[in-house]
C-alpha cells in the first residue's frame, strides 16, 4: 500500500521569477532574486476535493491487491445443471474439427457466471457466492490450449460492492499469465491494474480453478 | 464540468532549500532561509503543450457527461428485417435448454448495431442515426436475466466524431448498473469513465431501450 | 518520444504565504512577503521511485509507437488448415440470411490467432511468429462490411515480452479507423493509447492484412 508513502517526486526549476521588492524600498542590498533555485518536492499524493475522492497512482506497490479463486464448472451434457456455471455457446468450428477431432477447441466460446472465492474450496451454495466472474472466454490455438478472457468481477458483499472489468490473453502453457484490469465501478471506481492468472487445478473438461492475483495501480479512493 | 475549478490541491513542504545570498554579500541581517514554509498550492489543472492537448482528471465532477438512449430491436424471425438492429448469433445452449425451455437464455450472444439517441423516441431513419452502439451482449444467468456488454459508441455527427469503448456487467435485476468506459478515440481521445444503465422500457423480446448516463472522469482536451 | 521534453506545464499562484522572518529580527526594511508571485513551473515528468518504474503521460507525442501488420487467414473449408489462423465460430444469423444470401455477415463472429509482423510479408512459419493478435472480431452491419474487435497483442520475442489489450469499432468503409489500447502487461505494463487501422490488402474472404499504427500515450517506464 502506498497511501502513506510519497508516490511521486518531482524536481522543479525556478528561474528568476521572484520579484525583488526590497531593492527600491529599503537600503538593504540583499538580492532576493533566486537565480536558479532547485526545488526537490516530494508530493504526498493526497489530493482532496470537496466531495472527498482522491486519486492514487502507485508505480511499484499496488494501491489495492487481492487474491481470488475462479471456479469454472462447464456443463458437458451429463453433469449437474444446478452446479454448472458455464456453457459452450458455439459448435466446434470446421477448422478445429479438420485439425483434430478431440482437438484444442480452436474457436470454442464459453459464457460463464463463475463463483469466485477467497479460499480454494468450492462454496456450498454456488448461486449465492458474493463475488462472481461474468463474461466469456474462448480458445484460439490449433495445437495447444490457449485462451482469451473478457469479463467482469462483480462484488456484492458487505466487504465490497462494485465491479472490475478485465480482458487479456491466457496462454495456458505459461505458468503465470497477466491480463489487464481496464476499469472498475462502485468501490473500484475507475481502477486499473493487472491480474496474474495461475491454473490451480484442472480436472478434465468440467472443472478448473484459476488463482487470480489482482493488483490495482490506479485507484480513486474515497 | 471541472474545467474552471481546481481539480487538485496539494500541500507541499519545503525544508531549508532557499540559499541565502544576502548573508555574505550585504550587511543585511535578514535571513531568507525559509525554515519550513508550507505551500498550499491550488493546481488549476491547465496543462498546455505545444500542440494544444491538455489532460483533465476530475474526481467527483465528470469532465464530460451525456445521456443517450440505446435502442435494441432484436430480429425474431418474423419482425421487420429493415428495422432490426441486432441478432442472436448462437443457438440455445444445452445448459440453457436443460434448465428451462423458455429460459433466461444462459449463453445467448447477441451482436448489435443499435441507434443511440438523445431523446427517447426511435429515430425515423434507423440506419442513418449519427450515434450507434456496436458490439455484443450476452446472457449469463440460469434463473434470471443477467447480461454482459462489450461495445463501442460510434459518433459521426457535427457535434461529435470519435468513439467510446465500454464493457461491463449488466445485472438486470438492479435498478441501475455501472459499466466502464475503458477508452476513446477522436473527440474522446483516451477518455475513461463510467456509464450508468437503466432499463427505460422492455417490450417483449424484440425491443428494449436503455438509458445510458455517461460520465467521463479522465479527458484529454484539445 | 517525449521522455526528454517537458510533458506538462503548470502555472501556480502563491498568495502571501512566505512568512517574513526579517521584520522582527533585523533592521532591514525589506519585505519578503511575496504578494502574488506567479510560478511558471515546467514539470519534467520524471517521477522516480525506489524500485524504478516511472509514469509518462504525453499529450501529443506518443511515449511509445510501433507499426505492425496483422495477417488474417480465414479457414473457408477448403484452404490449408495448417496456414489458417482464424475461423468463423457462428453460423450465419437468420437476420443476415433474410437480408441477403451472400450478405455482409451481420452477426458473424470470428476467433483468430493471427501473426503480426513488422514488414508486410507473411512470415515463413506462421506458428512461430513472435507477435500475435489473439481474440475475436465480428461483423455488425446489414448493408456493408462493418467490424468490431476485441483482442490482445501478445509479444514473445527478445525485443518485447508482454501484451497489449485493444478494443474498438472497425468501420471498413472509412480509410482509417481508431481503436483503443485499454491496457497492457509486461513490457507494456498499464499502457494506454490508440491504434489506427488501415486495410492494407483484402483478398477475397480468406486473407486480409491490416496495418496497425499503435501509439501509446500513457506508459509506465522501468
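We call the chains A, B and C, going by the order they appear; numbering starts again at 1 in every chain.
Going forward, a residue touches a chain if its C-beta (ideal position, glycine included) is under 8 Å from a C-beta of that chain, and two chains touch if they have at least 3 such contacts.
Per UniProt, the chains are A, B, C = Dirigent protein.
Keep in mind that this is a model prediction, so the values were computed, not measured.
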For this session: Call it same or different for chain A (Dirigent protein) and chain C (Dirigent protein): same when shared residue numbers make up over half of all numbers used at their interface.
Result: different
Problem set entry | chain B (Dirigent protein) on chain C (Dirigent protein), rotation in degrees - Cα superposition, rounded to nearest 5 | 120
For this session: Starting from the mean Cα coordinates of chain A (Dirigent protein) and chain C (Dirigent protein), work out the distance between those two points in Å.
Result: 18
Exercise. For chain A (Dirigent protein), what residues touch not just one other chain but two or more?
Worked result: 28, 30, 32, 90-91, 109, 150, 167, 182-183
Exercise. Which residues of chain B (Dirigent protein) touch chain A (Dirigent protein) in their complex?
Worked result: 6-14, 17-19, 21-22, 25-28, 30, 32, 57, 59-60, 90-91, 93-96, 98-99, 106-109, 138-143, 146, 148, 150, 167-169, 171, 178-183, 192-194, 217-218
For this session: Report the residues of chain B (Dirigent protein) in contact with chain C (Dirigent protein) in the complex, numbered from low to high.
Result: 28-35, 37-44, 46-55, 75, 77, 81, 84, 87-91, 109, 111-113, 127, 134-136, 150-152, 154, 162-163, 165, 167, 182-186, 189-190, 220
